[in-house]
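Going by the order they are written in, the chains are A, B, C, D, E, F, G and H; count residues from 1 in each one.
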Amino acid sequence: MDMNKPLVGIVMGSDSDLPVMREASDILDELGVPWEMLISSAHRAPEKTANYARQAAGRGLAVIIAGAGGAAHLAGVIAGHTPLPVIGVPIASGALNGVDALYATVQMPPGIPVATVAINGAKNAGILAAQVVSAGLPEVRDKIIDYKEKMARQVDEKSTRLHE
Amino acid sequence: MDMNKPLVGIVMGSDSDLPVMREASDILDELGVPWEMLISSAHRAPEKTANYARQAAGRGLAVIIAGAGGAAHLAGVIAGHTPLPVIGVPIASGALNGVDALYATVQMPPGIPVATVAINGAKNAGILAAQVVSAGLPEVRDKIIDYKEKMARQVDEKSTRLHE
Amino acid sequence: MDMNKPLVGIVMGSDSDLPVMREASDILDELGVPWEMLISSAHRAPEKTANYARQAAGRGLAVIIAGAGGAAHLAGVIAGHTPLPVIGVPIASGALNGVDALYATVQMPPGIPVATVAINGAKNAGILAAQVVSAGLPEVRDKIIDYKEKMARQVDEKSTRLHE
Amino acid sequence: MDMNKPLVGIVMGSDSDLPVMREASDILDELGVPWEMLISSAHRAPEKTANYARQAAGRGLAVIIAGAGGAAHLAGVIAGHTPLPVIGVPIASGALNGVDALYATVQMPPGIPVATVAINGAKNAGILAAQVVSAGLPEVRDKIIDYKEKMARQVDEKSTRLHE
Amino acid sequence: MDMNKPLVGIVMGSDSDLPVMREASDILDELGVPWEMLISSAHRAPEKTANYARQAAGRGLAVIIAGAGGAAHLAGVIAGHTPLPVIGVPIASGALNGVDALYATVQMPPGIPVATVAINGAKNAGILAAQVVSAGLPEVRDKIIDYKEKMARQVDEKSTRLHE
Amino acid sequence: MDMNKPLVGIVMGSDSDLPVMREASDILDELGVPWEMLISSAHRAPEKTANYARQAAGRGLAVIIAGAGGAAHLAGVIAGHTPLPVIGVPIASGALNGVDALYATVQMPPGIPVATVAINGAKNAGILAAQVVSAGLPEVRDKIIDYKEKMARQVDEKSTRLHE
Amino acid sequence: MDMNKPLVGIVMGSDSDLPVMREASDILDELGVPWEMLISSAHRAPEKTANYARQAAGRGLAVIIAGAGGAAHLAGVIAGHTPLPVIGVPIASGALNGVDALYATVQMPPGIPVATVAINGAKNAGILAAQVVSAGLPEVRDKIIDYKEKMARQVDEKSTRLHE
Amino acid sequence: MDMNKPLVGIVMGSDSDLPVMREASDILDELGVPWEMLISSAHRAPEKTANYARQAAGRGLAVIIAGAGGAAHLAGVIAGHTPLPVIGVPIASGALNGVDALYATVQMPPGIPVATVAINGAKNAGILAAQVVSAGLPEVRDKIIDYKEKMARQVDEKSTRLHE
């Protein structure tokens, strides 16, 4: 994998999803994985979405993260057009507050998986993407191990502060 | 509208959906509206699905019915590629028994409607398609009126039989 | 169809539904489809509702949009009294936040369809109504096609702005 | 109240609801309350339903029980046309197994109550109807008291049998 | 029935339920039905609750309204101790926002009905209570009929105002 | 604690709950904790239920297990009448398949806890009861430790068998 | 049991859970039961969590309360490592508002119970913990009885104030 | 990656999950990815589970698939102990039919992702695992591309057969 080009494509259905999806790019920065970001839509810009998905592997991407709300078809539609692993982020919006997006993202038919994270779980989507690329990139694997150790230390510190 | 060519396209994601979707074609036959039927998939056959949707209006179709289960993207994906009205039939399957398909079909984002009927409600999808085409076809409108009167009579007959 | 008279009837159960339902009339204006608006109630004004539905086809309407919350019976009751296609907008209100309205609108029995859109999806109800009337009105069909192209461009513009 | 004429009207949307709704008439027989039974439909036979509801009070009925499944509008529509108390029985059917019928029956807007019992709870609808008429009929009140005492005894007997 | 004594007992589990339950007493005032109000709890004051329910019929009450949130046992527990009809108001509170209270109120076992109204539907509980006592009180029946006509007029007025 | 008298009272709302609740008594036998069993009902036999709960602590019981379905009030009502810990088993039945029983059991108001286990989780209710009494009974604690070790061994054996 | 050392361990997944979990320690103070508090995490600090659970019984704890939100594994993981009774508090957070935490806490497999209280029900978790230890501590049992009597009096006072 | 050793570890909570999880190993065989299989349990065999997860990366595994039902903690607990990507399969079982397992698997807290597939979606878990390892294994990538093309052809064939 070429670390000078984006390895992770982050796609979202609307610019209103940006505050949530930014957490994916932030953690990818922290873990040292290059990424690119795009707004597209399975319904409003279907050709753009299909083209992006079809060209992703050839352009050197290793994994795609897609976030959408409501009848969240974006991740599934992308998964239909690429052999790459696709990570879906259901985004909470509207009256059903993300249950619709969760079901529309995770309940994919046999043959076309979408690796689904929690509702609004874009940070975990970023970590998962880093885990996917870390197989061939020992320096990313090391950063993930460091990150996990840092989390354990933070739990300890918070527990200690409880007693001060 | 040309009654010698199909006016309604009925698409389903899998041949296992046929027993449900057949109710749409049966009622269209009863109401005198010509139809065609196709198996396609938003995920497993995305090009086929997109092509069918893009060409539908030009081929003389007036409305498309799409039935799918699980993360039911079929109706929404078709709606992204055509100016025609698209009717979605959420199909009950798997552990969530159609709630996933209902949410994935009905909760479409602003701009791309899917006219959703009840879970497994393919018969009503057929009637709705006939209602859509009936604007320009008085003989279909008349058949719909007859059908409604027949339903009211059947209710009366069943009520009468209760007392025999 | 006579474009000098309303083609779409927009009915809502309460004036508190107006902010949501106004999105239907706004998009119909944008797509050049004449409409009329009415407050009625399946429960509080059942005769008014039945009369409106019974006369709709004769008065030249081509489609009815009905929005209601809670045990949302309005669209279904109207559909019982007219051969026209009826579009239901479940409106979020109260403790169940629209799930009740969605189920009460979409789960209609065989024979009486309601074309259901997303919770609070009045804009899509308007677009769907325009799609229904567009069969006989090429200028509406063209506006729908333009509208879809505009959406695709907007996605592109938002994606471009992401990188500025 | 005239005990020689029906005091309770039992209405159901379809003859497939009869096995459930029969439990209402059975318990009314046991409690000595005369009843009548009817199949009607809020959607398929709206005039019949409205006429029945409008004439119910004048014909001497004291309470109406209405059972329906899916988008269960029957009880609510009847309640719109009568000053009598209306008891709704949500009937389990289809993919949502009665949750749709429960929400469509119980979530009535302010002004038009429906006294809702459990999903498929027709027996309790019958008891509730008897409780309603029992205010003016001491012999029914006594039978309800007897019935409650019998239930308590049956619990005792079952508990005793546990240890045999 | 003696109109100089309360005919309807309104019980609630906590004084935090008062803003909701006040709607029941307000509409009973409007419909001319005397009532009394009490705070009790199926869990925190079980003896008080049982005593109140056991004495209600003897004290001349004709119907009891009980409102509670969460695991809302109040209406069901009261119904276990009285032959009177009991109306349950599920109150929205906490993380489940009233779905828990709805299920805990409406899903009563065979033999012990609770006439359940909508979540937070205390106004309808009051109307239902008035409908129950109206059998023997023609002046209450007349007020209910007036109330329904007033609602229909209000719908008309709101619809007219739409066009001003 | 006197091991010659029952330490755990197992109460259920109906003899139809016996096949589920028997798992509680079976595991208590295995863990060497004496128990007694009773059918009672919060609604059909409210006095019996209240009396049993009020006398439980004085009779030497240390914990009560209560199983019920639907609007499952039994555990909560018992908890209102005793200072003992009460374990609730929501039992799956009817159209909602135990979600109603779960909510009606677990969502207790502040002040009156019910220790809720999984839907139909009577075996775990028995283990939990044994854990409660084990504080003062080292031989029960030892049996619980043995039981946990046995479970771990069984997992190992099943895993090994996978490869045979 | 040694009242000079903590008898109840209160564990939470994050310091953001502290406002909820503090209600458990507050009521334990009121009931005179010594406790200790800890932040740990089944996922971010798995070794710390396992060690705490494994040593709890030996250190003299009698019961553990664990609170967590989302995919709330904390109580279940602790229960896997200790023979002590474990009380789980599902904490409302994120888009699913605690339904996820409730299911992830209560639906434990046979063999490993978690005594689950209401969503955010930490106060009841504290009372339940006191009930568990009260078997061997008559002074705690007495405080629980006093607490229940105080609740009943408070209901009476609130009901009286209603009429002032 | 060493194709002579397992690259994918498949773990399940119980041998009753084997019929579902076998679909993961079957598709991995078809895609030419070596795997190993294990029964373990987050609750009944916590040490075994932790040890397996801690050693997985060192033993050369590239991804772990974990399937469990109910309060499905297995995937999350494994993810807490390894830097490898973990794929979770919620398994339908018991009264909630997999909704509990879905929520308990997907709603992981920030920092510890689980790549969740559909309820019972073990086949997709296998494909996703293959997609993860395919980055460094062009022959697996090719097989995935072939597999997708085969699916598209099968859709075509089924559609053709419809018309025979």
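General remarks:
Just so we're on the same page, a residue touches a chain if its C-beta (ideal position, glycine included) is under 8 Å from a C-beta of that chain, and two chains touch if they have at least 3 such contacts.
Just so we're clear, the structure is a prediction, and the values are computed from it rather than from any experiment.
Homomeric contact chain E/chain F is classed as same-residue, with over half of its interface positions used by both copies.
In terms of C-beta pairs in contact, G-H outnumbers the other of G-H and D-F. Centroid to centroid, with C-alpha atoms defining each point, chain F and chain G lie 18 Å apart.
Once the centre of each chain is set as its mean CA position, chain A and chain E turn out to be 50 Å apart. Note: centroid distance chain B to chain E, computed from Cα atoms, is 43 Å.
Contacts with at least two other chains are made by residues 14, 41, 44, 70-71, 94, 96-97, 99, 106-109, 111-112, 114, 118-119, 148, 151 of chain F. Working note: touching chain pairs come out as A-B, A-C, A-G, A-H, B-C, B-D, B-H, C-D, C-E, D-E, D-F, E-F, E-G, F-G, F-H, G-H. Against chain H, in their complex, chain F makes its touches with residues 92, 97-99, 118-120, 148, 151-152, 154-156, 158-159, 161-163.
Within the complex, the chain F residues that touch chain G are 1, 57, 62, 83-85, 87, 102, 106-119, 121, 123-125, 127-128, 131-136, 141, 144-145, 147-148, 151.
If you check the complex, the residues on chain E that touch chain G are 14-15, 18, 37-41, 44-45, 47-48, 70-71, 94-97. Looking at the complex, you find that chain D touches chain C at residues 13-14, 41-44, 46, 50, 69-73, 76-77, 79-81, 94, 96, 99-100, 103-109, 111-112, 114.
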